[in-house]
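The chains carry the letters A, B, C and D, assigned in the order they are written, with residues numbered from 1 in each.
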Amino acid sequence: MEFEHSARANELVGRVAEFIRTEIEPVEAELHAATRTAADPWLPQPVFKELQAKAREQGLWNLFLPVAEPGNEQYGEGLPNVDYAPIAEVTGRSFLAPYVFNCNAPDTGNMEVLLRYGTPEQKKQWLEPLLDGAIRSAFCMTEPDVASSDATNMSATAILDGDDVVINGRKWWSTGIGHPDCELLVFMGRTDPGAHRYARHTMVLVPRSTPGVKVERLLPTMHQYDEPHGHGEVSFTDVRVPASNILVGLGRAFEIAQGRLGPGRVHHCMRLIGLAEKALELTLRRGTSRTAFGKPLVDLGGNRERIADARIAINQARLLVLQTAYLLDTKGLAGALSEVSQIKVAVPRMAQDVIDMAIQLHGGGGLSDDFPLAAAWTSARALRLADGPDEVHRNVVAKLELAPYLAQYREAK
Amino acid sequence: MEFEHSARANELVGRVAEFIRTEIEPVEAELHAATRTAADPWLPQPVFKELQAKAREQGLWNLFLPVAEPGNEQYGEGLPNVDYAPIAEVTGRSFLAPYVFNCNAPDTGNMEVLLRYGTPEQKKQWLEPLLDGAIRSAFCMTEPDVASSDATNMSATAILDGDDVVINGRKWWSTGIGHPDCELLVFMGRTDPGAHRYARHTMVLVPRSTPGVKVERLLPTMHQYDEPHGHGEVSFTDVRVPASNILVGLGRAFEIAQGRLGPGRVHHCMRLIGLAEKALELTLRRGTSRTAFGKPLVDLGGNRERIADARIAINQARLLVLQTAYLLDTKGLAGALSEVSQIKVAVPRMAQDVIDMAIQLHGGGGLSDDFPLAAAWTSARALRLADGPDEVHRNVVAKLELAPYLAQYREAK
Amino acid sequence: MEFEHSARANELVGRVAEFIRTEIEPVEAELHAATRTAADPWLPQPVFKELQAKAREQGLWNLFLPVAEPGNEQYGEGLPNVDYAPIAEVTGRSFLAPYVFNCNAPDTGNMEVLLRYGTPEQKKQWLEPLLDGAIRSAFCMTEPDVASSDATNMSATAILDGDDVVINGRKWWSTGIGHPDCELLVFMGRTDPGAHRYARHTMVLVPRSTPGVKVERLLPTMHQYDEPHGHGEVSFTDVRVPASNILVGLGRAFEIAQGRLGPGRVHHCMRLIGLAEKALELTLRRGTSRTAFGKPLVDLGGNRERIADARIAINQARLLVLQTAYLLDTKGLAGALSEVSQIKVAVPRMAQDVIDMAIQLHGGGGLSDDFPLAAAWTSARALRLADGPDEVHRNVVAKLELAPYLAQYREAK
Amino acid sequence: MEFEHSARANELVGRVAEFIRTEIEPVEAELHAATRTAADPWLPQPVFKELQAKAREQGLWNLFLPVAEPGNEQYGEGLPNVDYAPIAEVTGRSFLAPYVFNCNAPDTGNMEVLLRYGTPEQKKQWLEPLLDGAIRSAFCMTEPDVASSDATNMSATAILDGDDVVINGRKWWSTGIGHPDCELLVFMGRTDPGAHRYARHTMVLVPRSTPGVKVERLLPTMHQYDEPHGHGEVSFTDVRVPASNILVGLGRAFEIAQGRLGPGRVHHCMRLIGLAEKALELTLRRGTSRTAFGKPLVDLGGNRERIADARIAINQARLLVLQTAYLLDTKGLAGALSEVSQIKVAVPRMAQDVIDMAIQLHGGGGLSDDFPLAAAWTSARALRLADGPDEVHRNVVAKLELAPYLAQYREAK
């Protein structure tokens, strides 16, 4: 047991934090305000690209990349999960930072998929511009018409027709699709309803500009559209792409999705931990700068207890995510299945509660956009649904816990 | 003990519910969409006034009015709190309904204040058009620069200057101020800092058009602006109104505010109970119309338990509010002080939890505006702060509970 | 809506409370201590019978009896549930009181069953001495070898053999069986495994002294044996009683059990509310009589908030139970099915939490037997299992809530 | 970050677990039953000493000892906290094991104090027989007459009188004092009320047999006496011991107590984690060996979700304790002040909840002594008070969190 980050992690965390402090924070509020009042909020503010360029220059770029595997060296090498985790935490304190460092979902997950499962041609066409930040991507899985918590419910179709795949159906919560640079949709649809439950679906790379792809509308999350990235409802009508756009092979979508999950959940959770830390920090600051009933706010009623509980909850959550990252590094996804679901349950719930507490202590201001708390709450709340609702993940944890015992039960019957 | 509503309450509840079902619900989604996409969302949609006219025609108008007291008969007579409560619940199921029936905050509270404390001239000038729905009003109390949970912190000023009162300072969360018909601001400010803690402040009626009154901005609540009513930050710069605009007298603001609270909190809480019922109903409907893992959603994991807990929580909360209404009717505010604070703690928290559960069962849709759940959650969350944060009300309850015991403690010392 | 107890209820509550204050409380601690240190703690202390005699003399006897139905007048008449409820609350504040007033479980439930379902002979033989307090009874339903939360699991047998019923099997948590006066066991066992799920079991009156009845051991609840009443594990080995001891008829046990439940749950819940009130009162007293860090305990950290939350929780729970009592009185069990389960979920959980809070504020003393808190906690905790675990009752509530919606779901399939 | 136990820790955990499995578990239930039914339950069962001898023979003895510091080598050497922690977890699964391995509180804490602060004579007289398991000890700090959550409230006195210290006052919750081998009381009392808040009290070694020491009674925790160790209320009446029995010096008690806390809390918390694991394991076993409503219990309602939540809660708690142990090893108590309080808040609460869940799934059996759950719950509940109540520890955490911010607040004033 050794509870210290590696020197490399510490160094990068320091540089990333410094970049955020000196380059991002001074312009962030302004940028959000400019977006809100822009004639077209879906047009990214120019400062954004400038920040990206600066970050890239300093080598703070694509840090999310996994440790290189044979054949992937040319795309650069990232860090073990356990080293990237504290960096993700720091970037999570700012809504802008993940984009600035090219470390934002869903692009990171899409890049990982391409890196691991893409053909050389697919990598050339899509992975390289994504790694460059030249284009953006979306992931099209969840559907409005079925309970997508059961992913096998997905009923949009991807059918082989000669040398093409033909895609039909409707997706929603396709994050990032509002961005003008979004050029790639990673689509997941049903190919063979008669196959095994987890071998029915196929993943296909669909250029955003393919005829038949239509963004029907952009969806608000708790009234917030997250411009300029956004979340879209997308219809696919006889969308035809070459079969070479299929990832891995027909019916292999779940296999790919599975491999995409572990690191992505670590990233999400660490960013939320950063956000919870930020909320706690704001609470400490606000609670010691305002006075009511003759005392600083923190000295009223149960406020100190709530601060302590927040600290304890954050610390416990962080350790669980770091251990999960460590397991992913040392045992792979198969050795971290339960933990990956555990963090997905524990962290968003924790963050939601800590941020709710922070909002309460900020009074009306906490609900407004004078503080990043309303947006933080929305992030945490959304993550209790995105990437599988709490209930599905609890079920995974319980299933793994029960497996040996239920085997006996069934035998005894 | 008799747990039945009066015949009059039942009859009105039935008619109000029918009106909502047949007149409001069919146009509500459309109206919200029209507002969202309007060039100017702060311009009320015309259907709104039509609905008001229809409601008024059917006698479903100003039902919130209290039982008439001597001298107030000419302004019509309302219902005992315990009879109005179930009507408020029904109207709470729709965001539009309270406005349609002229029963929305803060106008109701302002009308009550004018009815009880206004001079004949003040009533003529402001109460009558408010009762007619010809104008709207706002209440300006909370301030951005101090912890307003301690209301005595209020530092905007109302100073007598000859025959005028001069007002300076800054308020926020002035609800309703975005509406073009908002013509009256009920302002509360400090007059005499040397007076007793609760005799320092004065309430003044300020026409919206008085020079020096400026709506600095409209504030979002969890990213939502609540057009066309809105919540504003308002600056008052040397705002001068005749001293006859003072309510009751200098230094009497807390006395007035106190009288305004009881019924208002019953209304708020009953409306939230209506909203929680609506959320539960949507949950039952969604949970039995979608299938995952081969079962209707309600049959998965702990969903049935959560439904049961929601039912139990709603029922308990409703009974507490009804009892509070009964106490207000039979013993007045002095006989219901603890209960008025109890419901203010219990109901918004309950509603927030029930609605959060409903969102979770709706998946991504629950966070979008396809369902009224995101807006419902925001209402419930905001009410944990509006009209005094939970913590202040818990403190009132505890104080009343402890009074006899602490007296002994102090004696023993 | 009228939130006032009837004059009769108020008068009886006053007299019962006075009796407890003047007759029971002065001897209660002593009696418990005497029991603890007695050579045989299962021998009731003599003062017990004296208190019963005094209570009976004052007419404070068998108040639990329901309103008389035709044919039952000769056994006296009790109160509507809504009037008895506040009396049950007051008696719940003392562990002794329910016994003193002949209003304790399971005797009350057994008496109700005999009253409603007994033949004249059964009434003469068992009901009369129970009403007199001359004998005690137990209820033998739960079994150690099966999950008794599913009552149809019961596998002890009651088989007709000529003019006799022959009983075999093992029961546990037979409350009251440790008492030397316990002479009647109301036994529930399986008769016809082939019948409908709820028509398989039969209820039989078994004299404690019948050969083959053996109390195998007395069971502690959280280390506490509840002498002199206790909870037993009882084996039945070829126990033979005349068929005239069958209640109503073969296979009718669930029908009888059902009728027994409503009022019994109201009693249990009201007693727990009394206990929670007692715990809160002790908290207020302790919290204002001890000083730490320069303040009375109640002024530290979140203590006042916890006191407020306790008050709110108790008040809400009480109202729900009173409404349930009202529904039982006005609509019968069929009109209160959901509510009877709702209170069974809500009240023990609430009481457990309030008492846990009280223990915490009492420090080590709260865990000892210097205060009635450890015993109170045990009562509340046990009631989350006794008479059906929380989970079963949540399921009843959800089932009733979902019924209309699931019907549609099934149709749609 | 490295989440692996050292080889040495793993090896010892394996041997300790094997010893428990093969030597302790087969006799444990029997031993508890023998104690319960013994004529004198305070007389330790003989098997106890036999188990201790066997453990010692195998080198599984005094593993709790810290890493040797200069001058302490002759008393043997233990493990770093981070290595002992997983051993403590394993021993916590059995109520007997900590005693068998001579690793039970409060003897461990008393031995640590003697090791670190004792004079050579004090070590010879008390430490050596304690390390041998020849005698037992108690710690006398908490008092019945004051709120001992504020330790400076302690009002029993230790006054220098010539070459003696004279002790007067009353203590309770002196754990271990019921044991016939208990020969040493580590007493803490007030010497100089005029000194600084934390320099008023003195720690004195008091032989159990000194005249004036009287065990007034043994105290139950939730009705359980924990024979043969027990918890006592002890009066000290003019108890006179030589001044050489003072630890370190007059007024140094808090300084000593402080040093005693860190490792002790890690031990307590790890044992509770072991107990929570045991409870979860029993839940999995019971939940998959009983059937209700046609399914194994675990497949009913929210049971799987509760199992997942328990797993997540245990894992998070364990990591926080291990990190705390690591900080104690690498930075000392000063570097782990917040964490030591964090675990004291987080772990007992977690364990209480997990065990409560386990009880619920076990039905009535869970409340009886057929399973170790009632005793486990009592342990967890007691630890929310013992060694400082939750509230005091939350306050420590909040204070450290707030320190930099409050400094600014005070300056700004």
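Criterion: a contact is a pair of C-beta atoms (placed from the backbone, for glycine too) under 8 Å apart; a residue touches a chain by one contact, two chains touch by 3 or more.
Given the structure is predicted, the values throughout are model-derived calculations rather than measurements.
The fewest steps needed to get from chain A to chain C, moving only between touching chains, is 1. Looking at A-D and A-B side by side, the one with more C-beta contacts is A-D. With centres defined as mean CA coordinates, chain D is found 52 Å away from chain B. The mean-CA centres of chain A and chain B are about 38 angstrom from one another, to the nearest whole unit. Distance between chain A and chain D, defined via averaged C-alpha coordinates, is recorded as 43 Å. Among all residues of chain A, those that touch two or more other chains are 301-302, 304-305, 391, 394-395. Chain C contributes residues 1-6, 82, 280, 284-285, 287-289, 296, 298, 304-305, 307-309, 311-312, 315-317, 319-320, 322-323, 325-327, 338-339, 341-342, 345-346, 391, 393-399, 401-402, 405-406, 408-409, 412 to its touches with chain B in the complex.
Chain C meets chain D in the complex at residues 142, 144, 146-150, 153, 172-173, 219-224, 290-293, 297, 300-303, 356, 359-360, 363-369, 374-375, 377-378, 381-382, 384-386, 389-391, 394-395. Chain contact summary for the complex, chain B toward chain D: residues 301-302, 304-306.
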